[in-house]
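Labels run A, B, C, D and E following the written order; every chain starts at residue 1.
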């Protein structure tokens, strides 16, 4: 180990330190709040870039390893380490949170609490990606989910959903549409998932007969095939909820639509990836036979996700809902890539996590800007914004193009790899829904772009303006990243490959 | 050696650099004409480079890793220079250069900001198109294929606040994307069986029969679908006429000379593979011929001058595809090149006319020959070339195709194409007579365009003539398909009869157009309604995609999410119901205790045994 | 007489007491039921003590009896307080708190 | 020389007498100084309890001061100290004028708990159990002019006496079959397969079930919690429950020897329905105390999960859970006390905008709720996790899943309170005034859950150590 | 032996009958009196079981003390309300079913239990033995019992006093 600096701990805990600082030192000083947040997330970002560059892809495996005992009798250790896959996710997280800090620069109400919660949440996210101890991973997972309730509940926005259909009574009873509803739904749904994860983790612990929750120790254990199957299923459901698998995805549209900008960015951009990451890292990584046995399920559900999400997105008139459903669709691609159990597919899956994270972060940042200026999310009312907000229009278009998998954006690389993986997998037909999904994406994304930014200016809005000042930072940075990684995907995939190939090698593929 | 790589890279890099500059430096973009100059300089440089490459006859191939993988890259990018791509390079850079110069004056009324955007798109287009033709792999070709589609989308929607333009741009993107879906599936399938995207490798495998025949037909058909979309073949041709909502120079460049020919280029480039699938080749040829005739018939009833040219483009693309499908790829490619030149000329000429009179409707023009003689002359040169009148460029290329078709023994196709040639001459001269001859309709004082616009027109006109003359003097370059002797007179007759018919109808008035319409009522009726295809697609889109999405959206919101809400509502109600056992009466609580005892005993019996 | 006879008898008394506890409306009535139940306990304890020859049962029943007395005293005090405040000892009507 | 095993009990009895006579000697109307006296006495005993070490059994094995007993006694004493302290600020007349009686009753109940934790003999256990319970009935109705309070006392009393009657009926069978009142004898008889021991223990569960408020023995809980004075409820909701669990360990683990797994299905089933019923019934509650009462029932269910594991680990984790629960639940009730005193309402809407009125109080409540909900970095998380872990070790995955999933239901209503505090705007801006003693109590509880949340290791290890000899 | 059997039968019948009367009779006073009868017959059973000491305790403490307190309480509450105390029953059928179910559960176990024969002689010097036990091994419970009585008394007195 050449790095004695606990770089992962620093990355992980820096935002938390920021949260504490914000909470206790910056009372009623909004600028200080922002600067502290920026500084701490900035440090994490710089460190994650450093780690990314310093990662030795020749050696591969888990690097920047840290460990100390937390609760020795149960074998809980604070154990951190990253490989190419998690490192990319860490990088994604730091990109999105830094952008998120900028994107929420204009939050006025109770900004101190807002930033504190946001930063605490980010620590959870980093923690999940860095943890090599399943228990600590679970801890961080919970930390990443909970602040969401207050973040959405306090700073969110309420949409309009009219209770209709045969279940209208149920909607009326649950209070659908309000931000409180969305916040509750999201939080509880994700915690529901975490219940499954917990059972899975305990099952591993018990079945392994170990006194440790360490990922590496579990990896060295081979579990009974029967156990592998059900535990994988449990992990799939648990993590899958966060990844938005159909039909357990309905928290996502409501939650993302109601959440404030930075939270939507972070949630759709990073947290949903936690789910997919969990399925790949924990599910496939530890339960290879279970993964192979259940790949058909994962892939089939993913196919439904892709097409169903795209069609649902097309049906929406609320801008945020469109983006939220597009996340459901894209997470389907992520899961599909993973389910192919091929090098191309898995690389595509991980790269899609990154690409979609940046892209959806950009989307939500832009939608936040549009919403801030128009105070409306109603697409049919909008029109012709391209003239007054050309910058936003451009960035939105680029995001949209990445979303529909246009080459030279990172979305393309991810999608083509997924396609390739799908065709090489045991279930070739998966290619069809995947491709259909991207075509449908082209339809709804361009339709939205056309409706909002093109055409004659809408009579409903006056005095609109383009983004300003710090708002640009997030938009421009994310846009550049989308294009940059689209053109030079090798710098990400090369690293990811060092992690996915050993993972695949453990699978008992015929 | 080094220059072999660097020169094509320079050709590729200059427009890209220009694009980057314009995209990343907003002040530069906002200068408008300044941005135009940068872009023009870049493309001029590229043109010179392309000329160098073309004339020197470089052949080179280079690759770099793009998507790494364990045990060798999964995908590479690079450049492949051979005569095919070199010729395309020259054509693309030339037309791009001329169109960009032309645009400088054509769009001088545009705000500087918009103009900067326009040139940025143009640079990007040039880069993408060059990248496409230089691709050594299917994947890279697909990448640039999509990028040119993007540029097309952006440029059609250049006047994005016009609803028609916005609609047309989106339509163009969707329809071509539909074809591209096939393309991408095709190349992925090809990769699945061969493990490579690389042309050279694939061709080598094809030569040695190492490509498994199973599924190859389907694979190649899917790849061909990409060409169907991009090259506006039936049934995906519907986007091209609508694409005329973009600025005219864009139409000239993208929707006539370069991008739409990408499909033909693809089939030509991958000819060794397509030859392995005769069925697909047959489809390509048949669809091409059918498209040619169909588009020609629609052009005959069109009143919008640009749309006439658009249909003629579709029609000519059908020609090229037919040739490609009948293994006469060289002829097709030849037509591609000549067509690129004179169709660009025609579009730019039409642009000059539109610029002058402010309308697209041919019936509101007339007598412009006197008002703008230079434009008229170059337009007529282009028209003659398109109609296939010797010794202009179009005659030779068209004849090469007809010869190829005849040689192949596809009589039906030959008849269709001959008919199309006749119709082409007819509708083109219909346009000429309506626009440049007859009575002047237009108000105001139309006059010839400024020199920046005229210059490119003349250059293209001269080229049209020059290429024609070169072949007239030097004979056919293509000896693979020696034309039968009667073919040349036959095509001249076809062209002249078409011209004569147009003259009789629109100049002379000898034949009443309405009478002819009545005589050919069913065809006329259908052609005027574009054979109902647009309506059909519109209906399918509305009913099928939007309707289905509406259904799914409803299901998701009110059923899938509904079930979740029902579960939570049930939970809440369950809690409310359950708390009613808490009646407040002490005896009921005592019941609870008694029940508890019973429960414990009963459970114990159940489970302990 | 065997042990089972006593145990059965006590079980019967216990059940009767339980029945009274469950059905009486009056709080004092419920208390009487409880007394019966505890009485059954005492029968059990003494019977076991007799049949095992162990003294513990007798001591146990002594404690039970004493505790019962304390319980009754406290319970009746509560009943009286209830009476003062609510003017009723019908346990049925004391359902201010519920749900 | 080692300390007498009775040192705490003797100390407490002495304290009882001191307060008793001080009460007689006082002529003042305001007798709250007696409360202070009791508080300092209990606090001193708490300190003493920290120094205790296990001793040999006394009274021929009927009374033990083993690790479990010491662990439990520390917990009872600490909880009682906080309970007394927090009640000192209550302004109602009975608490002023009858402070002596109030605290004497509390002390006697505490004495019952202390003995209960050590009792390894059925008679001692029963007497201690009753000594713990009887004063509680009186305390529940301490606001004797309050209609609801006396009603609650009556219900508490009736359910309690019936349950203890059933329990002692069961114990009589245990005694009869074991031929001795000693629990060691019971274990032998149980091992021999005496059906009457099984019957007795099954029936006797009614009493323990009542005390810990497991479904369906729980029905007195919401009414009593709602009507009795809040500081008392805070204490009632934790200390006697903890004592009940310790007694359960004694009787159902120690008292049955090696065949503890016999209880596994029954305990697991009880745990399931208790969690389910508690959480579901809490959902529609609008009265905070009632809500916490039902949530408390659900917590009993989680504790029973640990019990169902029927292992040393399970027992230890129940002990840990109890510690976390004592602090978390008491804290929550004490915040409720502060808010309801200020707002004059126990409706959840009293919490509206608390975060903006009294941010620290709101934060405290949030942390308590999160602890109860089982969220990381506060004690409740580890508590839940550990009992699940223990259950998983026994292969009870389904139970873990049910428990964990129902935690989500629990979070629903906890978050609704959080929503009132943090999301809704306040009705009035004035901060909530909190009496100093109450504030100190809240802070103590807060320290408890945060310390346990951040560093659970110490208590976990201790719990594992004391639980090991039981098996 | 026959004496014992007959005695048991008689006492059992009286006990059960009076028990039933306790839970069924309408008049609360009568119920208390029946309770007294039941307690006395229980005392009789103690005699049959050769426990004269408990017989005495039962009569004095229980039948005497408890019944007196209850009567006292009834009088007190009656005075407060000013009307006769009648008590009615609710849901007799349900109560009977549940009580019967519990009975069945208990009996079900009882029949599995092995029969026991009593030792030839009962504990000699029962009173002395109990006294010794109470100050010997059961001294602590006894002291606790005292405290319990004090606590119960404290509570009862607190409730009973009317002034505050």
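Note that a residue touches a chain if its C-beta (ideal position, glycine included) is under 8 Å from a C-beta of that chain, and two chains touch if they have at least 3 such contacts.
Everything quoted here is computed from the prediction, not taken from an experiment.
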| item | value |
| --- | --- |
| Between subunit C and subunit E, the fewest steps along chains that touch one another | 1 |
| Chains in simultaneous contact with subunit A and subunit B | D |
| Shared chain contacts [subunit B and subunit D, defined touch] | A, C, E |
| Centre-most chain, if every chain is reduced to its averaged C-alpha atoms | A |
| Most widely separated chain from subunit B, with each centre as the mean of CA atoms | E |
| C-D or B-C - the one linked by more C-beta pairs in contact | C-D |
| Subunit C and subunit D: spacing of chain centres that average the CA atoms, whole Å | 26 |
| Cα-centroid distance, subunit B relative to subunit E, in whole angstrom | 101 |
| Geometric centre distance via CA averages, subunit D-subunit A, whole Å | 42 |
| Euclidean distance of C-alpha centroids - subunit D vs subunit E, Å | 31 |
| Multi-chain contact sites of subunit B, meaning residues that touch two or more partners | 572, 579, 582, 584, 586-587, 590-591, 594-595, 597, 601 |
| For subunit C, residues that touch 2 or more chains besides their own | 14, 17-18, 21-25, 27, 30-31, 47, 51-52, 56, 59, 63, 67, 70-71, 74, 77-79, 81, 91-92, 94, 96-99 |
| Sequence positions of subunit E contacting 2 or more other chains | 90-91, 94, 98-99, 102, 106, 110, 113, 138, 141, 145, 148, 152, 155-156, 158-159 |
| Touching pairs among all chains present in the structure | A-B, A-D, B-C, B-D, B-E, C-D, C-E, D-E |
| Subunit D contact footprint on subunit C (complex, rising order) | 14, 17-18, 21, 27, 30-31, 34, 37-38, 40-41, 44-45, 47-48, 51-52, 54, 56-57, 59-60, 63-64, 67, 70-71, 74-75, 77-79, 81-82, 85-86, 91, 94, 96-99 |
| Residue ranges of subunit B touching subunit A (in the complex, touch as defined) | 65-70, 74-75, 113, 139, 142-144, 146-147, 150, 153, 157, 160-163, 166-167, 169-170, 173-174, 177-178, 181, 184-185, 188-189, 191-192, 545-546, 548-550, 552-554, 556-566, 568-570, 572-573 |
| Of all residues in subunit D, those that touch subunit A in their complex | 370, 375-377, 381, 385-386, 388-389, 392-393, 395, 397, 400-401, 404-405, 407-408, 411-412, 415-416, 418-419, 422-423, 456-457, 460-461, 464 |
| Contacting residues of subunit A [partner subunit D, same complex] | 70-74, 139, 142-143, 146, 149-150, 153-154, 180, 183-184, 187-188, 191-192, 194-196, 198-199, 202-203, 205-206 |
| Subunit E contact footprint on subunit D (complex, rising order) | 6, 13, 16, 59-60, 62-63, 93-94, 97-98, 101, 104-105, 108-109, 111-112, 115, 121, 123-124, 127-128, 130-131, 134-135, 137-139, 141-142, 144, 173, 177, 194-196, 198-199, 203 |
